[in-house]
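Below: the structure, in structure tokens.
Letters A, B, C and D mark the chains in the order given here, with residues in each chain numbered from 1 onward.
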Amino acid sequence: MKRLRVAITGLTSCSGCQLALLNCEAELPQLLELVDFRFFPMACSPATLESDYDAALVEGCLSMPHEQELLLSLRKRSRYLVAVGTCAAWGGVAALKNDQDREQLRQQVYGTDSTAALETFSPLPLNAVVQVDATVTGCPPEKEELIGLLTGLLKGSLPTLISYPVCTECRMKETLCLLTERSALCLGPLTLGGCGALCPALGVPCEGCRGPVPEANLAEAMEIYLQKGYAQEAACERLRRFCPGWRA
Amino acid sequence: MRYMEISKLQRLLDLLRQQGELHSPVLGDDGVTRFELLPPGKLPDLAAIRTQLPPKKYLLHPQETILTYQADAGYRVPLATVPAMILFGLHPCDLAGISYLDRIFLGDEPDQLYLSRRAALTLIGVSCTPDEFCSCRLYPSPLEAWYDLFFQQSVDGIAVSIGSPRGAELMKILDDVMEERELLLPEDTRCFFGRKIPLPPESELDQGLPEWQVLAGHCIGCGACSVCCPTCSCFDVLEFGGLDGSSAERLRRWDNCLFRSHAEVAGGMSFQKDRAQRFRYRYRHKYRGFGQVKGVPGCTGCGRCRAFCPAGLDLRALAGKLEGDAS
Amino acid sequence: MSGSRKIDILTRVEGHGTVELLREGGKVTGARLNLFESPRFFEALLVGRRYDEVAEIACRICSICSTAHKVAALQAVEQALKLQVSRQTGLLRELAVQGGQIESHALQIFCLSLPDYLGTSGFSGLAAAFPKELNQGLRLKALGNMIQETVGGRAIHPFNLMLGGVGKVPQAERLRLIHGQLEALHDELAGVVGFVSGLPESLPPVSALPFLAASGGPPLFGDRLTASGGETVMATSAAAWLHERVEPGSNAKVSRFDGKKTFMVGPLARLKLSMPDQTSERATGALLSSSLLARAVELQQALDRAGILISCLLDEGVGQEPPVAATPASGVGTALMEAPRGTLLHSYVFDKGICTAADIITPTAINQAAMEISLQKLILLMNSAGYEEVRSSCERLIRCFDPCISCAVH
Amino acid sequence: MKAGLPTSATITSVRKLTSDTTLFALRCDDPAAAGAPLPAVASFLPGQFLELSLPGIGEVPISYCGIPSSDGTIELCIRHVGHVTIPLQNAKPGDAVGLRGPFGLGFPLKSYENQDLLLIAGGLGMAPLRSLLLALLVERGQWGELTLLYGAREPGALLFLDELLYMSQSSDIRIYLAVDRRGSCLEGIPHCRAALLPALLDQVMLQPERTHAALCGPPIVYTPLVERLNQLGLADERIHLSLERRMKCGQGRCGHCAVGTYLCCTDGPVFNYAMLKGIEGALV
């Protein structure tokens, strides 16, 4: 069988999505027989963009011109471009203060007289700049999702984004609902599933790390949060942790 | 009538354990009552009104492999031998839920996985006291609360009825803890199932009723109502390739008709575009049925959808309006 | 002919950086490290957030050391809010950190570094030529992740480590399982250390710089900085002493201690400062290239320590306990700890539960100056070598520091 | 058991019809012994469908596009639109797939006997109607007048054009074509107008009391077509539509394909309009 030629890289990010792939310890040896990691600077040398790729897996959001260049080049060279992880899909934590002046943030960290990171701009998800063929969300995505992505690509198919909320998976696991039974600020109803409701299953409220569900009923959710004692602003702030687009 | 003193419950459970894996409602440390393996020494939570998930989880796993593929052998059903299992403490609504699923997954061409699990199950019902969420007394259903044995709780003991040959066999083994007593029992809750209701015409699902919009406006689309419903059995099917590059697995996973994706076809086009429309779809399915359960109201009145809805939605008033109050 | 040329981008390291080689007359005369990673401005992002959000956000600085970041941030916040966590929580956090240490070191040794010594391009090359070594590494790495998952809920961004405690306390059964695996891999590790110490030298003899590490707590934890010259600085004044400042050509701040001195942090520094007698001469030797061996030795220590921690937990009886509730107080908190790559500092100021200032100093930022100096030394040593040879040596030298550039820039 | 388990089949030929549509021929791998009945999936009625599996990718419902053949060959016309159908673009003769079927009820051929038949296809809807058309032509004497109205986006998207042109010359059938956009090669195609599909109905004279209409096309064309047919005097019972729904099992279990209290996979996919009338969401 022809091996899948992939390029894997990170832009503005923590490298967690790439590490999630490297964390597939049990599967890596077999994966190597199916996948040719052509460009994967985090794990393979050398890192030269050459020829074409069957797919480019890109982690992270865009916040500097050199990243945009790399992204456009990968887009041109690849049949499929997949946004991997919440930052690539929605902006992620780096976009937490996208409503504030970028230069001010820069000065807050580097001071007024430095030239470090002058070219930074407010983080954007990949689809703001290039066509994205598929999205695997999550901060970080689950191993199974990444393996599924690669085995699917190998056969020429792209994954479909799960469109139901974390609550559904939480209920399937028969765990205690932290929102209704513990009055916790759980973002499960508004957050894309696919994680298997990892957090609520351990008693930790969903922090919304996979981004918003389609057709989210924000107004009603806010109503419920309010009943549980959370001001709208607090709930909204929490929602924006991973996706700057949330507005109540 | 065969009768057991409540003090003999532990002994009864030990006898049952010899016949198979014994599962019953257990109150977990986290405050959730679930059907699960009852370890020796532990008592089932017979006072619980409802478990969070209904017993459908034993017959139709939330997610399960339905087919495996090997290049040289093609697709195969992954049939494993299912150990004998006894579900102890099923309320009539959950028994009715199982008989509803039986209609869908058994029949002329039974689903092999379902069949193998169903055949391994012994169902022991227990009577209960409905709470404010229950609606078993409100909307009669033609579903039978089918059981092998049914335990009617009274003040200091349990009266047993036999519902099947398997139940009769089991009774022989349990006879040790039973005695004969003359009893006057309160009306059997099971009799609220078993009445046929006429199907009102389609137009009666009056699209213009403001209730639909109200429901749709409050629903946050969390899916709890379908996940927890004993008769909701829609599933999605997914297939994944194996790491050897040639094998594959096909899964089915519980789905929910309140999700937009449920009715989407190629091109992102959906036949149930807005949530109010999807509520009507769900209502139609639940109360009118389709396919093998056409005309069979699928609500057993267990109250889970109401008890677990974070928005506190309740279809009873609307159902009363659409179906006419049956009480 | 003079000019400079970049190593395209540093590979087999976390994050984005280059080394620029300066040339004169066909010879390489100097090198500049350039960490051009995009900044996320974490220290600015955290300002204005509630106390219970700070660690959740801060751990996203880096994936490989997210457990270390999480624990350091939690400790700093708890200190500021005067929150005392239980002994069980402390042990569990320590265990998670050791899991992170195992995972990170196994990744670095077997997937990122070893290819240099064995002449392959990365883990894919290892799989073809040295499957046994790769498998061994992956097994160790998996065990590190299993520990992190068991305690933290997930290997990356461990949500189960919460303010005041843990969400769900791991089952004793599960801890016993890990203990068994730790024991099973223990003997194998002696072999690994032997194997690594038998590897050929891969770099010219560049000497190590003065060392710095956190101390005064259990392994990898501490309340003060200790330097090889004997200096000691308490956590509260560590940030000032580390003296981070912005320098041209890097998006990561550089630490020039007291404004001038340079230290290096990481496995070599830790071994040298905390356990000089227990390890082989070479591991604590004065050469930068001993870093790999130091990492292997630390891997062994981490396995041992994790075993001890689990025994402790099991002996004392693990059980579910609710996290200690926090109140939105005002205060300052600073936590120091040793992440896999070296000393990490998180420091926060809170005003009625809202974060008003954040300072995060990471190992790779501290090491930056040491990396620059080491590059210069290397080039002097390689006086007559050709460009390609220098280039690949520079990359190897950088890998000795196992840099984590996302951390450095954050 | 049978219906739930795909039997393996092999692609025997691949013919690109348009840039995004391909006609596949397939044969079940279990060789039918001489004289033995066709394998279940190869014996079907026009309008029925099967479930086609690509191992490791998934399964999709596809209409039979041909008629049962003695050697068990099955023809499928597939548009490459998504998850499963796009990888099929690369399928070659010899590739293995899985088949389950037949499912559904198909067109009510019995009630068509001695009646005039009006077939109306839009776009890919030609696939199941080709099956019906071929079945009708096999026993041409059984039916009255045959008319096909067929519309597509552009001339290049008209499926089976050569075949249709040949039929219109050699058999007793009238064919009218329409394309949404006027294209350069339009002139070369006889009986082809730049028009929307319902407009073609202006061209036909029909006797409503002895005519049945069989429709298959994208959901949006059904409402205007039905309205127009009603205007022409055709009773609701005489209008048969093939509906597309998401279906995951074909056995009336997965719950995705309900239309009112009907299930598309077991009660359909062909319904007469009297059944659908008034059902919310039946026709968009």
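Basically, a contact is a pair of C-beta atoms (placed from the backbone, for glycine too) under 8 Å apart; a residue touches a chain by one contact, two chains touch by 3 or more.
Keep in mind that what you see is a predicted model, and the values were worked out from it rather than measured.
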Inset, instruction - Give the chain pair, either A-B or B-D, that is connected by more C-beta contacts. - result: B-D
Legend entry - Rounded Å distance between chain B and chain C, as computed from the means of their C-alpha atoms: 51
Inset, instruction - Express in whole angstrom the distance between the two chain centres, defined as the mean CA positions of chain C and chain D. - result: 63
Inset, instruction - With chain centres taken as the means of their Cα atoms, state the distance from chain B to chain D in Å. - result: 38
Inset, instruction - With chain centres taken as the means of their Cα atoms, state the distance from chain A to chain B in Å. - result: 37
Legend entry - Two or more partner chains touched - positions in chain D: 56-58
Inset, instruction - Name the residues of chain A that each touch 2 or more other chains. - result: 151-152, 155, 203
Legend entry - Residues of chain B whose C-beta touches two or more other chains: 240-242, 246
Inset, instruction - Once you've mapped the touching chain pairs, tell me: line, ring, star, complete or other? - result: other
Inset, instruction - Give every touching pair of chains, nothing left out. - result: A-B, A-C, A-D, B-D
Legend entry - chain C partner contacts - residues on chain A that touch it in the complex: 10-20, 22-23, 25-26, 28-29, 32, 36-37, 40-48, 63-64, 66-67, 92-94, 96-97, 105-106, 108-111, 114-117, 120, 123, 139-140, 198-199, 202-204, 207, 209, 234, 237-238, 241
Legend entry - Residue numbers on chain D that touch chain B, as the complex places them: 1-8, 29, 53, 55-59, 79, 81-82, 96, 98, 219, 244-246, 248-249, 251-256, 258-263, 266-267, 278-281, 284
Inset, instruction - Can you check the complex and tell me which residues of chain D touch chain A? - result: 54, 56-58, 83-84, 86-87, 89-90
Inset, instruction - Can you check the complex and tell me which residues of chain C touch chain A? - result: 8-16, 36, 38-41, 43-45, 47, 49-50, 53, 56-57, 60-64, 66, 103, 107, 111-112, 115, 121-125, 127, 131, 134-135, 138-139, 141-142, 145, 153-157, 159-160, 162, 167-168, 246, 248, 250-251, 253, 395, 406
Legend entry - Residues on chain A engaged by chain B in the complex (per definition of touch): 1, 27, 30-31, 33-34, 147-148, 151-152, 154-155, 163-165, 167-168, 171-177, 179-181, 188-190, 203, 213-217, 219-221, 224
